[in-house]
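When the chains are written out, they are named A, B and C in that same order, and each has its own residue count from 1.
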Amino acid sequence: MAVIDPIVQGILLGGLYALFATGLSMIFGVMRLVNLAHGDLSILAAFLALVTVRVTGLNPLLSLALVVPAMFCLGFLLQRGVLNFTLGRGVLPPVLATFGFSIIIQNLLLEAFSADSQRLNPGGIETASIALGDRLAIGWFPLITFVVAVLVLVGLQIFVSRTSLGRAFRATSDDQDAAELMGINNRSLYGLAMAISLGIVAVAGVFLGIRTTFVPSSGPDRLLFAFEAVIIGGLGSLWGTLAGGVILGVAQTIGAKLSPGWGVLTGHLVFLAVLLWRPTGLFAGAMKRSR
Amino acid sequence: MTPPAFAVARSTLASRIGAVVGAVLLVALATLPLWGNASLMRMLIEFISLLVLAQMWNLLAGYAGLVSIGQQAYVGLGGYALIVLADDVGLNPFVSVFLAGLVAAAFSIPTAALVFRFRGGYFAVGTWAVAEVYRLLIANSPRLGSGSGRTLAAVFPLARETREVLTYWLALVIAVGAILHGYLHLRSRFGLGLTAIRDSEPASESLGINVFRTKLWVYVIASFGGGMTGALIYLNLLRISPDAAFTVNWTAFMIFIAVIGGIGTIEGPIVGTVVFFLLREFLADYGSWYLILLGLIAVVVVIRYPQGLWGLIADRWDVRFFPVQRRVRLGSRPVG
Amino acid sequence: MSLLSVRELAAFYGDFQALFGITLRIDAGETVAVIGSNGAGKTTFLKAIAGLLPVHSEAVRFAEQPVGGRPAHELVALGIVMVPEGRRIFPSLSVEENLKVGAYGKRRGPWSLRRVYDLFPILAERADQPGTTLSGGEQQMLAIGRALMANPRLLLFDEISLGLAPVMVRNIYHAMSAIISGGTTALVVEQDVSQVLQVADRVYCFRKGRVSLEGRPADLSREQISAAYFGV
């Protein structure tokens, strides 16, 4: 059916967008930092996977076992080494530092890999599809992506709502001074939060690199889509972020079906519409709670 | 006990010397077409373009606290407005540069209506998102040349030399205008209001300063400046395309120059632009390494030396060429 | 040997000096009150002790160790725990989660969730509600319970009667007596002088960032306290 197919594609794409969005909104929640290098870091992960595949011959999906820990450590280092010093001093330092990272990463990748298009090849799975009924076929890979995204979100939700560390995250995002009075070391917690965020973004980047071609300058678009998904869904709820990602994915896919150059633009327009009509997002306000 | 005699003065020795030097420099620059060559003129046009862009970003972020990473929107809008006004509408291309600034300013108002809903980091991303929307709208518009862009045809009747000299003088006028504007505007009540907002918004509100309107006004001015500069840039380059006109690199240049030079001062962007050009010349053979280095320096500066290069110099030697502050001189008779 | 010994403590907010050479001591098991009017420096003093303000390291000694200027989370690990002014309950956490986060530092001791619920049964009733849906007095109990979960050696109470009805204040102080009689050392900062003098072993009065009076409540007259409080 002409309409159902793009909607389903859009929903599955939305899973990937939700993955991008979650890393971004988590950092904002915990330390009020908007990581402008978020998208570029995912592309960095994709390039890391590329190198890993070339050197070891592993399947890109398996390369995650190396790429995710590497990005995890990078997140910790970036936060403790640089970003922690930009916090609590107004708007400019964090924006500037992360924007600086964005430009630095893009140009380093450009110098190292040139501007050629790249793609991660998982050996055929990305083109396989399963048939649902006789009129609808969905690709295996988009389905796997969506499932992985949901699993990551569920894992994060469990972490945040049921573990002692997750409680500390929530307390710090509520009131960082009072959290210090509980014995929580904010600086250390922020390092961990950024590490987790980059770990998630690494998964997103590798899946993106399998799904589509990428170049060193692909990062900023990822940031924009993540941002749009967060705003559409509303802050404060992981499931809202998933919904936001899905809505954005569906908008883009339907837009692209109407006219090839209009996919991304349709997403932007939906984002602007939500911004005008419901600035707090469509599913905002749902607090992350254990029960 | 009588209070000590004091005078509130504005100019300093440095600023008076600076004014003389500045006047001499201006005369030298204005007469450059007589004694300099074309490539020097082109370099100065580029210098001025980046300087004014950095001044505008400085105005936004350093004075109004609006950290935007979407100002490339107005560079692009200004550039395309020039093409449309000069080629399609048939107006004089040099006058169109100013009009392009007005067009950009017109677009900035609905943009502000959207992005002012955000604060801080999300404001930054929001401005970037809007810039992307403008880019995509233009890239999908056949009348504006779609993805491959357009060429400015209106200047073809002019001899090349004439065009270059006129563009250069236009650039000079814009540069002087931008610097004068920064200086005069910031000396005024408006400037005081801006400094108050920068220091504390709630306190400013309680003093009767309309924070929203002030910020909006600053945003519109910065967009006007950005649009005019965009038009100037493409008057010089003659060929525009969406990817080049709306690239975030414009913002990268603006920000790095303003931060490295020193945010919140008028001299800062000048120093920053000089550093930018030096770096680019030195690393000319190494592709985009100058940009990487620029980014690294900017990150270090914003963390360790937030007052920037000019701030370091000014603090060390207490020098100010553009005296926007008022100083209290103890022990002297009041002036006038 | 005092548990907490403060010597010539000075504290600044930027260029503004809030505390001038405070000298004070608390022995283990004691309850010491700090009274004074608004702006006298009481909360600044507590912030300095709790690690929220930078001060000279030797100015504050805890169990003979210099701890001045160390960050708050380190001091919690040592056993200096504050019940902050305004309660500062975490809105995203339930009552029980607020209590559990108080135990983040994992210090060993007699206090547990069970024991806090015994002390404040109302908290057990409301265990799953968001922390900020409680009334003012209940939130104060929650804040105290949360601090107890850290098994403190020194408990700092910052203006706990602020904004509460008199009945509530009496209840809170009743619970505080139970806590103190268990052997916990306490430093209580208060504007409500009458309540705190009933539980304190010794009292210091602050005025304009300095100690204006010191002694046992029984030894001090109304007039002496008034004079030290208001400076007339």
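Simple rule for what comes next: a residue touches a chain if its C-beta (ideal position, glycine included) is under 8 Å from a C-beta of that chain, and two chains touch if they have at least 3 such contacts.
Remember, it's a predicted structure, so these values are computed and weren't measured experimentally.
Relative to chain B, which chain has the most distant C-alpha mean position?
Relative to chain B, the chain whose C-alpha centre sits farthest away is C.
Could you name the chain whose CA centroid falls nearest to the centroid of all protein CA atoms?
Of all chains shown, the one whose C-alpha centre lies nearest the global C-alpha mean is A.
How big is the gap, in whole Å, between where the Cα atoms of chain B centre and where those of chain C centre?
Centres of chain B and chain C (C-alpha means) sit 53 Å apart.
At what distance in angstrom does the C-alpha mean of chain B lie from that of chain A?
Those two chain centres are 34 Å apart.
Counting only Cα atoms for the centres, state how far chain A is from chain C in Å.
43
Any idea which chain A residues touch chain C in the complex?
For chain A paired with chain C, touching residues are 164, 167-168, 170-171, 173-175, 177-186, 287-291.
Along chain C, where are the residues that touch chain A in the complex?
Contact set of chain C toward chain A: 50-52, 71-73, 76-77, 81-82, 84, 88, 90-94, 97, 100-102, 104-105, 128, 130, 146, 150.
In the complex, go through chain A and note every residue touching chain B.
Spelled out, the residues of chain A in touch with chain B are 28, 32-34, 36, 82, 85-86, 89-97, 99-101, 103-104, 107-108, 110-111, 220, 223-224, 227-228, 231, 261-262, 264-265, 268-269, 271-272, 275-276, 279.
Of all residues in chain B, which touch chain A in the complex?
Residues 61, 65, 67, 69, 114, 117, 119-122, 124-126, 128-129, 132-133, 136-137, 139-140, 248, 252, 255-256, 259, 263, 287-289, 291-292, 294-296, 298-299, 302-303, 306.
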